[in-house]
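Each of the next two complexes has chain A plus one other chain: chain B in the first, chain C in the second.
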Partner chain A sequence: MNVQLLELHLSQLISAWSKSKLNIYSDSNKDSYHQQLGDLLHYLTKEDFSKLSIIDLEFRKRTIDFIFKGLEFLDKSTLNAFPIEIVECLNVALNDWIDNNDYIIVTSLNNSLSSFSFVPSLDFDDPLLLFIKTNYNVEFKKRLIQINLPKSFSKDYFANVVLYHELGHFVDIKYKISEALAKVLFQDYKNNKLSAQEVIDLELFFPYLTNPEYSDNAKLDFVKQHFGEYFSDVFAAQYIGKCSNYYIDYVTNSNSGTSVTHPSTLNRIKLVNDFVDGNKNSIIDCLLDATQQITNNRTLNKRYNHINSKNFLQLLPVEVTHSNQLSSLYLLGWELWQNYDLQFEKHNSMAYKLKASKRYEIINNLIEKSISNYIITESWTKSKLNVSN
Partner chain B sequence: MLYSYSVEDEKVQIFSMFIENIINGDDSYKAEVKRVLNEVKELSLESKTLFSIDRNYFTIIMKLFESNPQFFKEVNLDDLKTAEYQVIEDSLKKNENFIYA
Partner chain C sequence: MYLTKKKIIRLIEKKRLYVRPLLENSQINEVSLDLRLGTDFFVSVQGRDAYINASHNHSEYGDIDIFFQETRRRIGETFIVYPQQTVLASSLEYIKMPNDVLGIISVRSTYSRLGLSLTSIVQPGYTGCLSLELTNNNKNPINLTVGSCLFQIRFSQISGSQNYFSRERKYICQVRPFVPSFTNDSELAQLNNLWKVENKKK
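Here is the complex of A and B:
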C-alpha cells in the first residue's frame, strides 16, 4: 500500500466533500447519513497514515471508498432530482421483505435507456461497517441503497414497472436465495435426486444443462445467474402482475436466446405467466419453498389488487386507501393502455380522438397524482396522530 | 441486470484482514470471526443447511466450507491456534477456476 496514493485518495475525497456540504435532501435520514459520513471523514483526517501498518492502511482505503460511494449516492439524490412517488412504491414493497426497514433509497438518473438497476454496495459490506464501528465508533444504523433509472423515464410509470424486478435482485442478493437454491438444485440434478417433472422443467428453463460442451462449474454459474433473474421476475410479478412481461418482451424483441447473464425472454415470460395464472411449475415451487425457508416464512404471492375505480376514465386520480394498492396503479395504467378503446374520449364527451402521446401523458400524470395524494394524506394522518398523542 | 460480485469479493478480503489481525495479536474482530467460523462448522456437520446459514456472510461461509469441509468438522473453535487461522486465511485466498469450455 502506497501511503502517498492513499493521501491522494483522501485529498480527492476532501475535495468532493467540500462540494457536497450544501446538499439539501428530501428527508432527514439522508441528512443524518451525510453527517455520519462527515464524522468519519473527520476522524480519518486526524490520522497519520505514515504510522499505520499495511493492513491498517488497507482498511483506510476501503473506508475512504465507502465515504466516496456514500457521497456519490447522496449527491444524486438531492431535493430537485428525486422521483419521490416511485421511491415510495418501492419502499412499501421493501417493507414486505425487510424487518424494521432501515434503508434509505437514493436514486441516480442516468442517460442510458436501459440503465435500470439497484446498487447494493453500501448495504452488504457488513465486515467494513464492523471495522468502522470498532475503530471510529461511528455506527451506520441506516443503510443506503441506490436505484439507477434512465433520466428520460424518471416520471414514467410504464417503464418503471421493471424497478420491481430490480428490487427483487436486491432482496435476492440480501438473502442469497437464488445462489443457495442453484447450488442445491444443481447438486440434486447431478445426483439424480429430482423427480421426472422437475428434471423436465429444469432442462426447459436452464437448457444448457444438457449441453456437454459446458463444464459443471460453468453450468452452475449460469444457473445461479439465471435463477437470480427468474426470482426477480417472480418477485416483481407479486406487485405488478404481467406488466413487466409487456415491457421486456418489447425491448428484447421477444428474444428466444439465452445469454450468460439472462435467460431467454420467452422463458422469463412463461415463468411469470405460470406464477400469475397459478399454473403448475416446479421451478416456481422451488423458488417459493426456498424463499419461505430463507426469509423467515415470507412468501412469494400475488400482492396486487385490481382497482375497480373509474376515476382514471374521468381524468381523476384514484383514491388509494392502503399502501398495498400503490403497485396496482401501475397495473391499472398498463391495462388501460393495452386495452384502450377510446375510453377517455367516450367518458369525457370529447369530440376528437386523443393522440397516443397525449394518452401516455394523461395516464402517467394520473398515476403520479394518485401516488402523490396518498403520500400527502399519509403524512397528514401521521402528523395528526402525533399532535393528538 | 445488476449482479455485482465485487461487493462479495470485498467482504472476503476484509474478513481475511480480520483474520490477519488475529494472527498479529489484535483480537478486536475475534468474536465476529468465531461466529462466522461456527456457521462453517455447523454447515460441515450438517446441523445447518445452505438455507439456514447466516446470509450476510454467506459467500465467506461457502468459500471456507467448499475449500476444506473436513478441517471445519474437526477444528476446535474455542482453541484456535495461529497455524489454524493461517489455514483459514489461505482457504479464503483460493481462487475458483471456472472453465467455460
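Here is the complex of A and C:
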C-alpha cells in the first residue's frame, strides 16, 4: 500500500466533505449517519499513516471508500434531490421484510437512463464496520440501502416500478436466499434428486444447465446470479404485479438471450406471470419455500390491492387509507396507460384529445399527489396525537 | 355572490368541490376556505441573462428557468421569503372546482399584515394544486411554515356552468409550481411577427 496515494485519497475525501458537511436532509436518521461519517473522517485525519502496518493501511483505504460511498448517496439524498414519495413506497415494502428499522434508503440520481441498481458493496461489509467500531468507537447502528435511479425518471411512476426489483436484491442479499437455493437445487439436479417436472422447469429457466460447454462451477455461478434476478422479480411482483414486465419487455426488446448477469427477458416475464396468475411453476415453489424458511416465515405473496380508477379518471388523487395501498397506485397508473381509450377526455368533457405527453404528466402527478397526501395526512394525525398526549 | 360556509360544506358533501387533503374542517370559514402552504417552491434568483424575457422579440434571452431555483420542504419545516423576492409556491391542497364557481385567492390578513401579497383567481372546473405567486413587500425576510394556513379562497357563484376543458389547457392536475413558459404562446408569436414586419427584422 502506497502511503502517499492513501494520503491523496484522504485529501480527496476531505475536499468532498467540505462540500457536503452542511447538507440538510430533513431526516434525523440521515443527519445522524452524516454526523458519524464526519466523526470518522475527523479520526482518520488525526492518524499518521506512515506508522501503520500494511493490513491497517488496507483498512484505512476501505474506511475512506466507505465514507466516500456514503457521501455519494447522502449528497443526492437531500430533500431537494430525494424522490421522497417513491422512497416512502419502498420503505413500506421494506418494513414487510425486516424486523427493526435499521436501514435508511438513500438514492443517487444518475444521468444514464438505465441506471436502476442496488449497490450492495458496503452495506454488508461487517468486518469493516467492526474495525471502525473497535478502532474509532464509531458504531453505525443503521445501514444505508443505496439505490441508483436515472435523474430523468426521478418523478416517473412508470419506470420506477423496477425499484421494487432493486429492493428485492437488498432483501435477497441480506437473507442470502438465492445463494442458498441455487446451491441446493444445483446439487439436487446433479444428483438426479428432482422430479421430472422440476427438471423441466429448471432447464427452461436455466437453459445453460444442459450445455456441455460450461463447467459445473460456471453453471452454479450463473444459477446463483439468475436466481437473484428471479427472486427480485417475484419480490417486486408482490407489490406491483406485472408492471415491471411491461417496462423491461420494452427496454430489452423482448430479449430472449441469457447474459452472465441476467436471465432472458422472456423467462423473467413468464416467471412473473406465473406468480401473479397463480400458475403451477416449480421454480416459484422453490423460491416461496426457501424464502419462508430463511426469512422466519415471511412469505412471497401478492400484497397489492385493486384501486378503482374512478378518482384518477375524474382527475383526482386517490385518498389512500393504508400504506399497503401505496404500491397499488403504480398498478393503477400502468393499467390506465395500457388500456387507455380516451377515458380522461370522456369523463371530463374535454373538447380535444389529450397528447400522450399530457396523459403521462397527469398520471404521474396524480400518483405523486396521492402518495404525498398520504404522507402529509399521516404526519398530521400523528402530530395531533402527540399534542393531545 | 360569495358562497357561505353552509354552501361550501354542501359543495364538498355533494362531491362538486374537492379539497384533498382537508386536514381540518376548521379550515372552512364563514365565507372562505383556508389553504395551506405547499411543500414545493421556485424562488427567483439573479440569472445570467440581462432580463427575464416575457416576449418572443429578442429571443436570445429566452430561458426563464435560469431565473428560478427549485427547492422543497417537508410539512412543518420553514421557508424564508426575502424582501422583493418572487416565489412560486402552491397550495398543499389539491382542489377540483365546480363548473359554476369561481375562486378568488388572497393572503390571509395575518400574513398580509407582514407584507406578503398575492392575488389570483381559480377558473371554474380547474383541477390541481393552486399556483401561488408570492411577493414579500416588507423590508425584512419573512420565515413561513410549510403547511400553515397562509391563503384563503372565496368562492363566487357564476351565472351558468363553464366547461374548463372546452379548450386545450396548459395546466392540468398540477401538483407543484411551474416556471411560466412563453415559447408556445401563439399571441406572442403573432405580436413578434408584427414587430418584425414593422421594424424590418428577420
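FYI, the second predicted complex is superposed on the first by the 387 of 389 C-alpha atoms of A that agree within 3 Å, B and C clash if a C-alpha of one lies under 4 Å from a C-alpha of the other, contacts with A are read in each partner's own complex, and residues count from 1 in each chain.
Keep this in mind: contacts are C-beta pairs under 8 Å (C-beta built on N, C-alpha and C of every residue); 3 or more make two chains touch, one makes a residue touch a chain.
Computed from a predicted model, the values in this text were never measured in an experiment.
Asker: Using the superposition on chain A, decide if chain B and chain C clash or fit.
Answerer: Result for chain B and chain C: fit.
Asker: Taking the superposition as given, does A:K358 touch the first partner, chain B, the second, chain C, both, or neither?
Answerer: In the superposition, A:K358 touches chain C alone.
Asker: Please compute the chain B to chain A to chain C angle from C-alpha centroids in the superposed arrangement, rounded to the nearest 10 degrees.
Answerer: Reported to the nearest 10, the angle reads 150 degrees.
Asker: Under the stated touch criterion, name the partner, chain B or chain C, that contacts more residues in chain A.
Answerer: B
Asker: Given the touch rule stated above, what does A:P317 touch, chain B (first), chain C (second), both, or neither?
Answerer: second
Asker: Pick one for A:L366: touches chain B only (first), chain C only (second), both, or neither.
Answerer: second
Asker: Per the contact definition in the header, classify A:L128: touching chain B only (first), chain C only (second), both, or neither.
Answerer: A:L128 contacts chain B only, not chain C.
Asker: So, does A:I294 touch the first partner chain B, the second partner chain C, both, or neither?
Answerer: In the superposed model, A:I294 contacts chain B only, not chain C.
Asker: Please give the nearest C-alpha separation between chain B and chain C in the three-chain superposition, to the whole Å.
Answerer: Nearest C-alpha pair, chain B versus chain C: 30 Å apart.
Asker: In the complex of these two chains, what residues of chain A are touching chain C?
Answerer: Contact set of chain A toward chain C: 26, 79-80, 84, 314-317, 319, 348-352, 358, 361-362, 365-366, 368-369, 372-373, 376-377, 379-380, 383.
Asker: Residue numbers of chain B touching chain A in their complex, please.
Answerer: 1-4, 6-8, 10-11, 14-15, 17-18, 20-21, 24, 28-29, 32, 50-52, 55-59, 62, 96-101
Asker: Provide the residue numbers of chain C that touch chain A in the complex, in ascending order.
Answerer: The touching residues are 18, 20-21, 23, 39, 70-77, 92, 94, 96, 127-129, 147, 163, 165-168, 172-175.
Asker: Residues of chain A touching chain B in their complex?
Answerer: Checking each residue of chain A against chain B gives 53, 55, 58-59, 62, 114, 116-121, 124-128, 130-131, 134, 148, 166, 169, 173-176, 179-180, 183-184, 213-215, 217-218, 221, 225, 228, 261, 290, 293-294.
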